[in-house]
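Next come two complexes built around subunit A: one with subunit B, the other with subunit C.
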Partner chain A sequence: MDRDSILAIVIGQVREVVPDLEAQPISGGDAMADLGINSIERSEIVMNTLEALGLDLPMVQTHGPRNLGELADLLHAKLKRT
Partner chain B sequence: MPSLSAPEIVVTGIGVASGLGHGKASLLDGLLAGRDVFSVLSRPGRQAPDGRTAFMGVEMPDPPDLLPKRVARTAGFGARVAISVLDEAWREAGLDDVDPTRIGLVVGGSNLFSREQLLAVRDYAGRLAFVPPRHGHVFMDSDVCGLCTASFAIRGFANTVGAASASGAVAVILAAEALRGGRVDACVALGALQDVSYVDLLGFRALGALGSERFDGQPGRACRPFDAAHDGFLFGESCAALVLRRAGEAGPGYGALIGAAQVADGQRGPEPSPEGQKRAIALALAEAGLGAADIDHVNAHATGTPKGDETERETLLAMGLEHAWVNATKSILGHGLAAAGAVELATLLLQMRGGRLHPIRNLENPPEPGLRWVIGGPQPHRIRHALKLSFGFGGIDTALVVRSPEGGNHGL
Partner chain C sequence: MAIAAGIEDLNVYGGSACLDVRELCVHRGLDVARFENLLMREKAVALPCEDPVSFAVNAAKPLLDAMGEAERARIEMVVTCTESGIDFGKSLSTYVHHYLGLGGNCRLFEIKQACYSGTAGLQMAVNFVLSGTSPGAKALVIATDLSRFALADAAAIQEWAYSEPSSGAGAVAMVVGDAPHVLQIDPGAYGNHGFEVMDTCRPGPDTEAGDADLSLMAYLDCCERAYRDYARRVEGADFRSSFAYLCFHTPFGGMVKGAHRHLMRKLYKAPPAEIEADFDRRLGPSLAFGQRVGNTAGGSVFVGLAGLLESAELAGPCRVGMFSYGSGCCSEFFSGVVTPDGQRRLRARGIGAELDRRHRLSLEEYELLLRGEQVIRFGQRDVAIDPGAVPAAWAALQGSGRLVLEGMAGYHRQYRFV
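So, the complex of A and B:
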């Protein structure tokens, strides 16, 4: 799966977990904290994305990205290694 | 005798949800009409997956959407129902005008989300790495406290209290104590929806507490408190919030709680204790400064189990309450377990204001010697002083004495 498809999954999960953002344009440059997403919601979004990708990773390995695009890059790299 | 210095506690707001619908109006109308809302339970997780069960009872319509979608998707069914009843009680009592740091919340009930826990075990089997982070707090009963205080301006205190089927009544007792002690100026007692799973119901059935073998397939006839053909209780989803205030600060409201008692009778399991029941009634009457002759209505615990009904009837006769009109709200709503005490106190107060008592459904062959049963249809009656009984597994006996706003000068 390419990086942009992964980003689309991440953004889809953002809208699923935070329905308030349904109508808001969201791109790879957006950070979840800046979108008003709390820490429990952030964890759920990452976890749902991991499941959608079939990736069973410790959550700690998903820490570090500063925005949705970087998260997609990281997951893309992990997916290539599996 | 009541303490001269103790402030009188009144109920100024009520919110309810049951099989009769959401809100007080549908509840009272349905009770007075003796509407039949029993059916085979159909909410996911209420019947064994292998088809061996057809548990009957009462389920309520979905609560109104009061929470933002973002919050609602993370809230359990019982928590969303709690928000609905709290909203109704809150608005009626005008709690927006009370300092939030002077408002408390006592949630009656424990193990409130067991059906949803069972569904989570089923849904995450084979994908345990993806149990969502919210599960770490929504499985706790205190999530009801968290959701209620995050949604309404309650900043005094909030906690849960478990007392089995007397939980709702104990929540009322503790809320009243918080007001008498000056801890807060308004306190909500919430009898929480006990969201049972089929495993819980199988346990009740194995225990011999659950009806109904005799009326299997006839849900409307199966729940029969005090009737000769009773054979156990039927579960009924329900929930109620009552706002308690000090009378001097809030007016007479629906009525005053002038006596309350909770005792431990030393039974671990489901066995009723006549001694414990009598002691609770005697203590509550003493606190109210009343005798049995002053009580003109009893809202009985009356689950429909043969042993429980018989023990309670004997208790009421032994206490000299044969003159008081008796009804049994579980005959219409089913048994709300944790919620029952609060829901039934709410129904009592609504009947007190409305001047009519609801009938006991399915009481076709009452036991002898009898009590003054309300049978057949609604009974016009001006309640002055009423007794509400709630008993719980684990030897918990409670009695509440309520006086109508026009009820007399006792306790003043």
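So, the complex of A and C:
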């Protein structure tokens, strides 16, 4: 799966977990915290994305990205390794 | 016959003052609607005349007062469990032992591993009882923690933002022995998971640092892996059916809800409606007291156990699954059996009524305490405390029989019962 498809899955999970953001345009440059997504919702988005990608990783290994694009990059790299 | 071991009696002390955290959120300009999903109501706030020792003694004294002289003499170990230490060498347990008037044939020490400390202390005591090296002996285990951070300016408050409402104070005292009325531990039924991670820490006596996302992720990873280790050891264990109730370490209710959802999805791919109903039924009761004291760190999983016994209706003996997590990190999933008899004993403690009696701080009083000008700092040598920093709270303490901190004389903490 390419990186942009992964980003699309991440953004899809953001919209599913936080329906309030319906009218908000979201792109790879956005950080979840800046979109007003709280820490519990952030972890749920990551968890759901891992599940959608079939990646079984410790959650702490997904820590570090500063925006959705960087998260997609990280997951893309992890997926290539499996 | 195998020895039974576990918690004979338990008490929660939630301080003498509290703050409505919804009011705090409005005051700080946080999003109240979203905040309510995090399941917090009040938090305990320590007064300058309260410290981890006074909290510990005030939690334990009602348990000791209910025991006969001969029973009290069988307490052969006092373990304090805390991340709010007051000295690098001398343990809190020495002060606690003194003010509770316990005998000299006693092991006194302190355990630290962030919010996991209480479980480490309990397991230490349970294994002491199970070892049979001193038949009939008891241990007193007290988890005591309070958050008291010196917030110098607006920037510090901003940085603290979402953890401010959840940072509480409280102590849980447990008598551990071979007549475990409150929680009979399932011997050998436990699982651990630990690894080095810098999620939250207390690098100085009045500071806390950390990363909320990393801490939440480490908690979720540990919850799953500690449970899997439990299931590896315990034949036939099933997260959904083996435990009538669950108690998790509770930084705030929303975090427990997230961890439960994570586990139910990972283990069973359970649909959202089933997860929600299961949470309400099996974990909801454990939040009763945690919502009123905030995060009590080392004691939090046992504040959950007390809340469960207070608010669930037990028809007969049933198994409880317990999950403890301490940043840094170490975690444990273990289990035990609770009974209607234990529930009756716990309810007789009147924990909820004691919480109702606390002084409700105004935001002005709270912010005065937050500046911390009247608080004894780590390493101070000689200092007297002005007990009237919050006059209404001080007045409410009079005649309560509780221990308060008066000051320091040559580094030695001075207390008295009021």
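By our rule, the second predicted complex is superposed on the first by the 82 of 82 C-alpha atoms of A that agree within 3 Å, B and C clash if a C-alpha of one lies under 4 Å from a C-alpha of the other, contacts with A are read in each partner's own complex, and residues count from 1 in each chain.
Assume a contact is a pair of C-beta atoms (placed from the backbone, for glycine too) under 8 Å apart; a residue touches a chain by one contact, two chains touch by 3 or more.
Please read all numbers here as calculations on a predicted model, not as lab measurements.
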Overlay on subunit A: subunit C relative to subunit B, clash or fit: clash
Touching partner for A:Ile40 - first (subunit B), second (subunit C), both, neither: both
Partner chain(s) touched by A:Asp2 [first = subunit B, second = subunit C, both, neither]: neither
Which of subunit B and subunit C A:Glu51 touches, first, second, both or neither: both
Which of subunit B and subunit C A:Val60 touches, first, second, both or neither: second
When the two complexes are fitted on chain A, the stretch of subunit B hitting subunit C, from 20-28, 128-136 or 326-334: 128-136
Shared subunit A surface residues [contacts with subunit B and with subunit C]: 40, 43-44, 47, 51
Residues on subunit C engaged by subunit A in the complex (per definition of touch): 31, 34, 37-38, 162, 197, 211-214, 216-218, 220-221, 254-255, 257-258, 261-262, 265
Complex contact set, residues of subunit B against subunit A: 68-70, 73, 127, 129-130, 132-134
In the complex, subunit A residues that touch subunit C: 36, 38-40, 42-44, 46-47, 51, 58-60, 62-63
Subunit A residues touching subunit B - in the complex, by the definition given at the top: 17-20, 40, 43-44, 47-48, 50-51, 56
